[in-house]
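In the two assemblies presented below, subunit A is common to both, partnered first by subunit B and then by subunit C.
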Partner chain A sequence: MAQSAEHVLDHLELFRGPEYQQMLDKKKMFEDPREPAEVERIKEWTKTPEYREKNFAREALTINPAKACQPLGAVFASVGFEGTLPFVHGSQGCVAYYRSHLSRHFKEPCSCVSSSMTEDAAVFGGLNNMIDGLANSYNMYKPKMIAVSTTCMAEVIGDDLNAFIKTSKEKGSVPAEFDVPFAHTPAFVGSHVTGYDNALKGILEHFWDGKAGTVPKLERRPNQAINIIGGFDGYTVGNLREIRRILELMGIQHTILADNSEVFDTPTDGEFRMYDGGTTLEDAANAVHAKATISMQEWCTEKTLQFVAEHGQDVLSFNYPIGISATDDLLVALSRIGGKDIPEQLARERGRLVDAIADSSAHIHGKKFAIYGDPDLCYGVAAFLLELGAEPTHVLSTNGNKAWQTKMAALLASSPFGQSCQVYPGRDLWHLRSLLFTEPVDFLIGNTYGKYLERDTGTPLIRIGFPVFDRHHHHRSPVWGYQGGLNVLVKILDKIFDEIDKKTNLLGKTDYSFDIIR
Partner chain B sequence: MSSLAATVQNIFDEPGCAKNGSKSKADRRKGCTRQLQPGSAAGGCAFDGAKIALQPFTDVAHLVHGPIACEGNSWDNRGSASSGSNLWRTAFTTDLNETDIVFGGEQRLCKAITEIINKWDPAAIFVYQTCIPAMIGDDIDAVCKAASQRFGKPVIPINSPGFVGSKNLGNKLAGEALLEHVIGTQEPDYTTPYDINLIGEYNLSGELWQVKPLLDELGVRILSCISGDGKYREVASSHRARAAMLVCSKSMINVARKMKERYGIPFFEGSFYGIQDSSDSLRQIARLLVERGAPQELLGRTDAVIAREETRAWAAIEPYKPRFKGKKVLLITGGVKSWSVVAALQEAGLELVGTSVKKSTKEDKERIKELMGQDAHMIEEMTPREMYRMLKEAEADIMLSGGKSQFVALKAAMPWIDINQERCHAYLGYLGMVKLVEEIDKSLSNPMWEQLRRPAPWQVLAKAMVQMRSPLAEIACDPALGETTRRAKEICFCNKVDLGTIEDAITAHGLISVEAVREHTNAVGGCCNRRIEGILAASPSALPQAAE
Partner chain C sequence: MSLATTQSIADIRARNKQLIEEVLKVYPEKTAKRRAKHLNVHQAGKSDCGVKSNIKSIPGVMTIRGCAYAGSKGVVWGPIKDMVHISHGPVGCGQYSWGSRRNYYVGTTGIDSFVTLQFTSDFQEKDIVFGGDKKLVKVLDEIQELFPLNNGITIQSECPIGLIGDDIEAVSRTKSKEYGGKTIVPVRCEGFRGVSQSLGHHIANDAVRDWIFDKLEPDGAPKFEPTPYDVAIIGDYNIGGDAWSSRILLEEMGLRVIAQWSGDGSLAELEATPKAKLNLLHCYRSMNYISRHMEEKFGIPWCEYNFFGPSKITESLRKIAAYFDDKIKEGAERVIEKYQPLVNAVVAKYRPRLEGRTVMLYVGGLRPRHVIGAYEDLGMEVVGTGYEFGHNDDYQRTAQNYVKDSTLIYDDVNGYEFERFVEKLQPDLIGSGIKEKYVFQKMGVPFRQMHSWDYSGPYHGYDGFAIFARDMDMAVNSPVWKKTKAPWKETPRAKLLAAE
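Moving on, here comes the complex of A and B:
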């Protein structure tokens, strides 16, 4: 045996041992093996334009989607409020997914409960699960607020959250004055960015519009503060901290809504923090008085911003601002709305990013990129690439819609470097696979799942997006602002130089260019 | 050390160099390079010069005898490419420590050589002398001689410690070492009438390989390249070449001249930078070889290859012409490159606003005049400040220079391309020129420059705000205040004439000259001449006047 108690091998090595290899070879005989040549032929066929045509003719089947479901976004938004326990009304299996998805990305525990609906609840309605669930989670986890969202199961049978929560409160599950905002978040509509939007809107609606009819609506008395919404973002920890730093440097009074930068980055000091940081409930309520609300991600906050605008605030949205121009626009807007000057320190940071780009953009200039991910992220990354003189060639967003496509196309049309780019809303990573084979690019930008595309097509993957499971801690550094732009620049450059090294490191073959200075 | 001093003097007497030849004997003794000025930023030392000149020999172990400073900061810092051994990239140093300095480093050097022989068994070992062992009196010549005998393997002392002078001097001292210890010590396996040497070609970014296929096609054999992608055995037997091409005359002219004297190998100075120059060089090679007895038909074949390659290159450059229309280039480099790329750039439609001639020879300068006309903007010594000014004031759209000038261009927010040794691309030969033009186009079209030139949007905004708040704006809103200000501002101090009076006279009579203003007002127009000119230029009356 290759495996022995003296030297226990990890799976990375164990199965390479001869006995396992033999065993697997023999096993193959009983598995209706195909001719290796035939397998090879099919493999090559999937790289052809002919296959691509068939692939793009797909109607019903989604293969390797680059999106997740609404409640994931709802949970993500909910944990951004002080002492808030996300409560997903529906089946518990779904909730386990959100928790693992988030904690695999952030390397942090993610607390979230479900009403654990089972077959009988599906038949008779989930009211009892709601009543018991709220009571249990209130008593066990001592939250300050429980934010309710739903899985498909509850949505399909049409459970009425408003009525259920009211009934639960009447039955004494939680005190009558305890905050239980809610949002219907069916997975069969939209994606996690929609869920973020719905959950945030639900929470603001709860505080601003009279807590489901139990108290009078808040009357808006405009003040000088600005609300900031980050949107669903894998870099939320770094980004929200960066935005806060910028606002503090400018001296702008602000509230960051759904601020989950603390709960997804708790210190290890012997104390378990089930809840940490977050927008206080008081701030969430007082956010109604702000003079304006700025969303960092347009397609994460369509409904929320509309709701905020209806309350008389100015609203403004960005598309994941990465790079110089995007950050310029953000700062100018903050300065204009906040009535504060942009301090010298930020001007210097800008100068440094410009300097860094000048030092190394020649390596990026003219390189072709494929980008996929959430709609706003795709937009922000593409805009930065255009700024660097890179040529985005495929931009694909499974959860992007027609409006996104139009806006993307306008961005690409505005630059000579975007002319050869195609935008693909509603397509998946298997579509992208065909694109990468038939119209190859130099680099691929996307989340961890892109590694399969990297393996199949040989296109080097630069990990920017959500989820990133197989690289650690990148979420702690911002990608927004000038400093964030620098981080993204470095990520791209690192990969470019790694690739050059990889192509020049064959001993005695290509290493004449294995240079130490790049 | 006396022998080193003699070698240095010897180098300073270079009949092959016109500039050197024109000097008086006393001037010659001072050397070719300006004496270093303590306190000013300076380039590399003689050790560095020797090291970079010889380091491209690929199968040689380059052993630096000295404390860690010399090799630790510099190893593998040149992008010469090797088609074979990678030994040249491995850093060997004796890494002298305090004890060695006190008791002498010869023992250590001896051991280091032994260890290299035992572990690597290279074709040869080059031992580089540095300041410290030279100061304490380590006799590397003796150590190398002993080691050579003991191991039966060439161990070559490269006596060019940093303090003897400049990098360029180091290049030449390296050449002297080759002449003294290496060249002519072995015989080639066979010779052909088509054998040539390339001297002073370093195969940076593998660019020699862009030219080599053409030589191969012509049947011309590079017997030895000194030193790009060179092998010890090749340079040791290079005295059997029929002709030589001197590529970088500044660094290795002594080698070419002395090989001519000793072995009768004729040489010419040429370059593969630029299309015309590549063709000239190929023709010269063919001519020299034929003169030395190669069959006549080589000339015809060479012409055919040249014609084909030129057509191909010009065709590839042609599409850039419209894109480069009106674009101006500033060329800051040295030696042959100061003219050799000019033709290609001109052909691509670029206008040259200047080329530096700091490291160029008299012949180089003649060539520049040929290409750019008599009034060619030759820049003898351009300070970074001057480069900055030229770029900033858009007298040039792009600068082509070595790496050390890049930050000048960046701070002036103007495109820049590295055409010296640290560059990432190969610009040699016909293809190289196409590549250079391609890179210029890429650099000119890089959106980064736009970004670099543009101030932060809020600064633009702030400027506009300041202007709105400026006295001028206030005056515009308040005529009475404007009137007082106008009357209060004195222009002619001698006769006390105020701005208002002069402006009124200009407007009333449509004045356009200082002369006219003098006639209509009391202003003297002497010391206030400039100020009045300024008012005239700014005066709105100039416009209707012109329209009439």
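Moving on, here comes the complex of A and C:
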């Protein structure tokens, strides 16, 4: 028996002992397993160009996609408003999934309710669920706002949120003047970034355009402020704080819309804060008067920015700005639109990032990378790699579209380091597996699920993306701005050095290169 | 230290009753009436816990429950390792349940095993409008081509499938025939069916019956020589290796485990189970249906057991052995004796650190009762418990075999109620899920996830008990809980801001 009270062995070690190994060997006879040689043959076959061709010929099957569904994005955006409870109309299991998913990434609570529709609602519609649900949520959780979105069930049966919310108010579920913005967020259209866009647009529309016909539309009186939208972002805590710091340094009046940087980073001090921070409802309404709205992620805000532009504001979008040039562009734009100079402190931060890159670039230069993730994140990471002299080789986004592909291709064409790179919109991580076998790279950048690719193909994974379940707290540090660029640089370098050390640490064999200084 | 340990049973009962009354005040009248039926204070000697269960959740209350898809794909079918399980419908369901349940298995993932892959038909608007059957046909073909060593395929329906009138049964039959009788199992586990994961378990059990058992050759030759000691482990999902640390005990006592349902299980094991002499049922809630079916159809008796904590393990080993001859009975005694020194050492080390500490539980359909003995073996006391998706037979078992007088019982508890209960009872430890974990840790209450073992485990068996004891100790006695108060601030009281 291997187990002992002095040194408790858990799953990491327990099953490796002879008792368990013999037991598992004996179990095989009941499993009717495939011949080991056959398993080996197929395993090798999946690494071939022939398999890749079949794999890329898939038309219907998706395997290991790098995207989630719309309501996740809606919940993510909604919790970024003061005292706001996301309410997802439809089946209840979906809400359990969104909450778990966000909690596993942020290691934080995520509060969200469902209207718990079941078979009868599938037949008769979910109006009663909305009426009861809003009343219960309002009484129990005392929100300042309830932001409604939908699961695919409610969308398939065609529930009309606008009418349902109106009826609920008439029935007294919530006071007539209580804010209940809404957005239809069908899971079978787009992805979580689309849901973010729809939910945010729904909330702005509510405040700016007369709260579903119950009050006059706001009349825009332009001021000097700038609205900032972060988009769906696993680093929202660190990134939005960094953007705020930059804006404050520059002295620009601003509103961060859907600011969930506090609610996903509350302290442990004896109190559970169900709501914390967030864009105030007043600020959300007054955001209509801003002179411009800047989105940090173009493909998270297509409809929202169009809506904002229609209200007369200048709009501008970035693509997940990581590194020197992307941050330069952001600061120059902020300076131009905000009418403020870029302070010396930021110039010094820039210089420090350049300094760090100069110190380390020899280790990154010419290294090949595969990148996958949301469309904007892929763009931002690829742009930074080009700056570092690295060579992005495969860029893949399951929720990227043709327009994204075109823009990515233009970016890659603009640099000598992007010439050998291919862009893959609408593809999944099983496609990427084939790519990594047939056209290997040095490093892979992606979310936690990339660890399966790392295991199968031996490509070291650098975790940048969402979700990251198996490493802790990185979401608290920014990846945007010069400071964020430095964080990303260090993350990449740490992996590169770890890999060099791993490959040079065989005593008496390879350890002549096991250098103490690198 | 909690209030519960310093009060009489009568005081505790009065306090708990009052607490329930207070909690109900927040609700609109109709909701209060409905919720009142799910909350109670257990009275010793009663045959159940006095709560209604397996009833629809109330909209808008923040139920912790999931759906039928989660019960079928996430629990019952997903762990069968050599079959491909398609999340049929939009992308989300499969994405959120991808790899998160820790059903351990041994196999070459992507080649002959598929548990931690996410297969989805990723429905688009056109599939909703025109139906998804054609896409499903193509999905099945593509699986066959790219994963030739799969031993079968299941189709796990997401909400839209049942709403748009797809005929996944017809597709399954046609394609099965085309592939020479390949096992293809359509499962009608759309998320809107039923009130929780529970109906999904039942639907999944029925799918095994209809699409696997009913298709077996009645006199098919067994793939191995049967013995009088053949048993199957039913309802163990091998979370963190639970089924393995259970199997080892059964084999040490002389039994032969011919199938695991469904953690580290395979299609061949499912098919062989009708040859078992006894079905050993761990998670009653999720797999009693198929156990009853095998009893009726194949005459296989089934026996519930509990492998959490030495008291229940020892009791269970003897209970199981009683179905067999003296050889097995002696084997059980030998196993109990072998592990006694380990049990003694674990208890000696951890009981002094945990003695008298109170626990509140809220888990799925089994653990709200099954883990109580393990806590008691460590000197801890469970002062509140409830099921996400238990039925009345679960509450009967709880009342008759597990909980103490005046234990607070909460069925389908929601965020608000649970936080209020914890605030008042001030337990030393909470065992529940990921959605609850950070809420209570913010309040300064130690917490362990009791679905995923908080990424630890196994917790089953004697080997698992040592890990369980270590983990509870590291949660309760972590130095971090002494740091939640800033030295310049008053002692904080665990409270819930939102509801005040």
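By our rule, the second predicted complex is superposed on the first by the 510 of 518 C-alpha atoms of A that agree within 3 Å, B and C clash if a C-alpha of one lies under 4 Å from a C-alpha of the other, contacts with A are read in each partner's own complex, and residues count from 1 in each chain.
Note that a residue touches a chain if its C-beta (ideal position, glycine included) is under 8 Å from a C-beta of that chain, and two chains touch if they have at least 3 such contacts.
Given the structure is predicted, the values throughout are model-derived calculations rather than measurements.
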Query raised in the report: So if we stack both complexes on subunit A, do subunit B and subunit C clash, or do they fit?
Result: fit
Query raised in the report: Is A:N505 in contact with subunit B, with subunit C, with both, or with neither (first, second, both, neither)?
Result: neither
Query raised in the report: After lining up the shared chain so the two structures overlap, which partner does A:V39 touch, if you call subunit B first and subunit C second: first, second, both or neither?
Result: second
**Report entry** subunit B versus subunit C as contact partner of A:Q21, first or second or both or neither
**Finding:** neither
Report task. Tell me which partner A:K107 touches in the superposition: subunit B (first), subunit C (second), both or neither. Result -> second
Query - Which of subunit B and subunit C A:G366 touches, first, second, both or neither - result: first
Query - After the two structures are overlaid on chain A, angle v-u-w for subunit B, subunit A, subunit C in degrees (C-alpha centres, nearest 10) - result: 120
**Report entry** Touched partner set for A:H11, first subunit B, second subunit C, both or neither
**Finding:** second
Query raised in the report: Among the partners subunit B and subunit C, which is in contact with a greater number of residues of subunit A?
Result: C
Query - Overlay on chain A, subunit C to subunit B nearest C-alpha distance, Å - result: 35
Report task. Enumerate the residues of subunit A that count as touching subunit B in its complex and touching subunit C in the other. Result -> none
Requested in this report: Would you tell me which residues of subunit A are touching subunit B in their complex?
Outcome: 324-325, 328-329, 331-332, 335, 341-342, 347, 350, 354-355, 357-359, 361-362, 365-366, 386-389, 415-417, 507-508, 511-513, 515-518
Query raised in the report: In the complex formed with subunit C, which residues of subunit A make contact?
Result: 1-6, 8-11, 14-15, 19-20, 23-24, 26-27, 29-34, 38-39, 42-43, 46, 51, 54-55, 58-65, 67-69, 71-72, 87, 90-94, 96-101, 103-104, 107-119, 121-122, 129-130, 132-137, 139-143, 151-153, 156-157, 186-189, 191, 266-275, 430, 433, 449, 452, 456, 469
**Report entry** Complex contact set, residues of subunit B against subunit A
**Finding:** 76-77, 79, 81-84, 86, 205-206, 410, 413, 422, 424, 442-443, 445-448, 451-452, 456-459, 461-462
